Amino acid sequence: MEDFLFAFLNWDIVTQAWPILWRGFAYTLALSAMTVPLGLAGGVALALLATSGPWWVRLLAAGWTDFFRAIPPLVLLVFLYAGLPFAGIDVGAWGAVALGFLLNTGSYYGEVLRAGIESVPRGQMEAARSTGLTRGQALAHVVLPQAVRNVLPDLVSNTLEVVKLTSIASVVALPELLFQARQAQNATYNATPIVAAAIAYFLLLWPLVRLVSRLENRAMAGR
Amino acid sequence: MTSTAPIIDARGVWKRFGGLAVLKGVDLSVAERELVFVIGPSGSGKSTFLRCLNRLEEPDDGSIQVDGIELLSPKTDINAARRRIGMVFQSFNLYPHMTARQNVMLALRKVLGQNKDQAATVAARALDRVGLAERMDHYPAQLSGGQQQRVAIARAIALEPRVMLFDEPTSALDPELVGGVLNVMRELRQDGMTMVVVSHEMAFAKAAADRVVFMADGQKLEEGPPAQIFEAPQHERTRAFIRQIDRH
Amino acid sequence: MDGLNNFIFSFFNLKVMAQYLPLVAQGLALTVVLALLIVVCGLALGLLLAVLRSFGIRPLNWLIIFTVDVFRALPPLVIIVLLFFGLPAAGMSVSGFAATWLSLTLVLMAFAEEIFWAGITAVPKGQWEAARSTGLTFLQTLRMVVLPQALRITIPPLTNRTIAITKGTALGSVVGVAEILGAAQSAMSFSANPSPLTLGAIAYLVLFVPVVALGRWIETRFAWKR
């Protein structure tokens, strides 16, 4: 027990590692603040193409989506970070993360939003157009708000996944929470920093998990 | 009423939901082969009482005997007891993932322990009795409401229960489908089934019931032969209720 | 033209690809084994927890809900790293394979429990009552009446979630598992050429595109029909 506490819940180490863990935590928040909007933007674009483009554009969008949903995000990230430089394209760690998340989470958001848009009855678009709104206006003011409402549980759940996914940025040495925890662990030969990081992730994301769970139960009961 | 020992004997049944007393000491005894009709305003506790009679609701107080079994005793095997008490619900509650025949067979196999062939034969006979021999292999979604309710009746009678409980069996049905279900119930009665029926089908009650029980506010207010309750009720509440029902 | 040649030489270098094909194929096999282990164990545990939860034992349910919340909130990579680098500090060591398998199994268990439970609660109360009124026991009712209906509506969300989590097998490369990504990365450093990575990406596509398409098909097939 003593050993266990020493190895996993060592208060001395927590105080020692605190500043660097805290910086990692802030970095994780910043990464999330970048990747979520990026993914959403990509998702909206994909969803619009997949629902209102000509048939070949739709097909392309569906293929694109399936492609990036089939490739594990870490593979994509390693490819962008370690592969591209061989071809003389060096986007750096930040660039790789930004591009990777745009492609990966954009596809997930796109799929969710596409389902949302398809759940809005055709008549909504027609009614809006009949009052003289342009296609874009009708989408922005009539269709998208309803679409978002219909798939809110999936959107929130996806956002939770995106924030969790920022942890893979540690693989390309971006100093986010997991990376800093590993550094601290290497410096102290003690697992406490990783436990502390796990607790930090949990405290950050637990409210979101509760929210998703509530929204999902309601959606399932409505079937 | 007959003089033999009652097959259902409920005494002083109390039921509370949170602070709300829904049944306040209800007594009811039903003789073998008797058809008892239970009427009363919405929320008076009719469904709750009926569900106490097979312990789908757990009464807080009182005693219930069915066919000699002390239903509320902790020693009673409730699942064995329940197969002697058939129940038919307002919303049918057929299993949507099983055909009509499979719906009937499930308890035959798992509760009575019949083998597949036995259960299939018994189920076919029960479905034939409710006039659905031709629809045995249909799923509930492929049947009309009236047909679904008849399958539900077949599911209950296949277990050869000693009594049958009906909770508004026709109120979820379109008017033209009600007759078929009532016909099945009439035949059951002719075959001597003991039945307790919660329903607002007054014409059926007048024609088929031995006794009508009027419930209000969780109590049995009065009971008697249909003629008496419908033509000459004692209580003002009963009179008001009958008048309102008659109007439509 | 030089740019294109350079591109092809880097990413579609057939010579390099041919050389490292066996290595990446071994990685593919390992990924399949790992993924199957995760799917089987994760779904079974998730179903078990959901069934336990339906007994309605308060303290047990709190424990189940908390456990599920923990594994939904933690990033899988954090769990893997915690098990792989953390446990040795306590004198227990696990292989990278075991750490990855255990972590993703727990994550899938958590998500599956949540989905199964939502499915069970979505089955109308009348189904329980009808079955119990014919004398079926609680467990018989759960197994033969409620679960078959619950599973049907859980299939689409469960398929998608299972795919997303099994893709996490790539995280095993971080703790030295020679699954597809791990194998491709070593090949890339041996050959100083990223073509093996392309090969790895193709391996993932071969593995997951059919599954993703299947998921999409299941979604349209099961979603609104009942």
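Order of writing sets the chain letters: A, B and C. Residues in each chain are counted from 1.
Operating definition for what follows: a contact is a pair of C-beta atoms (placed from the backbone, for glycine too) under 8 Å apart; a residue touches a chain by one contact, two chains touch by 3 or more.
Molecules present, by chain and UniProt name: A, C = Amino acid ABC transporter permease; B = Amino acid ABC transporter ATP-binding protein.
On a predicted model such as this, the values are computed, not experimentally measured, just so you know.
*Asks:* Mind having a look at which chain is the central one, using mean CA positions?
*Replies:* Located nearest the centre of all protein C-alpha atoms is chain C.
*Asks:* With contacts counted as C-beta pairs, which pair of chains has the highest total?
*Replies:* The chain pair sharing the largest number of C-beta contacts is A-C.
*Asks:* Centre to centre, using CA atoms, which chain is the farthest one from subunit B?
*Replies:* Centroid comparison gives A as the farthest chain from subunit B.
*Asks:* Would you kindly tell me how far, in whole Å, the mean C-alpha position of subunit C lies from that of subunit B?
*Replies:* 48
*Asks:* In whole angstrom, how far does the Cα centroid of subunit A sit from the Cα centroid of subunit B?
*Replies:* 55
*Asks:* Where the centres are mean C-alpha positions, what is the separation of subunit A from subunit C, in Å?
*Replies:* Each chain's C-alpha centroid was found; their separation is 17 Å.
*Asks:* Two or more other chains in contact with one residue: find those residues in subunit C.
*Replies:* 226
*Asks:* For subunit C, which residues are in contact with subunit B within the complex?
*Replies:* 124, 126-127, 129-137, 140, 144-145, 148-149, 152, 226
*Asks:* Considering the complex alone, what residue numbers of subunit B touch subunit C?
*Replies:* 51, 54, 56, 79-83, 85-87, 89, 91, 93-97, 106-107, 110-111, 141, 152, 155-156, 159
*Asks:* Considering only the defined contacts, which subunit A positions touch subunit C in the complex?
*Replies:* Residues 3-4, 7-8, 66-67, 69-75, 78-79, 82-84, 86-88, 160-161, 164-168, 170-171, 178, 181-182, 185, 189-191, 194-195, 197-198, 201-202, 205-206, 208-210, 212-213, 216-217, 220-221, 223 of subunit A touch subunit C in their complex.
*Asks:* For the complex, which residues does subunit C have touching subunit A?
*Replies:* 6-7, 10-11, 69-70, 72-79, 81-82, 85-87, 89-91, 114, 118-119, 121-122, 153, 163-164, 167-171, 173-174, 180-181, 185, 188, 193-194, 197-198, 200-201, 204-205, 207-209, 211-213, 216, 226
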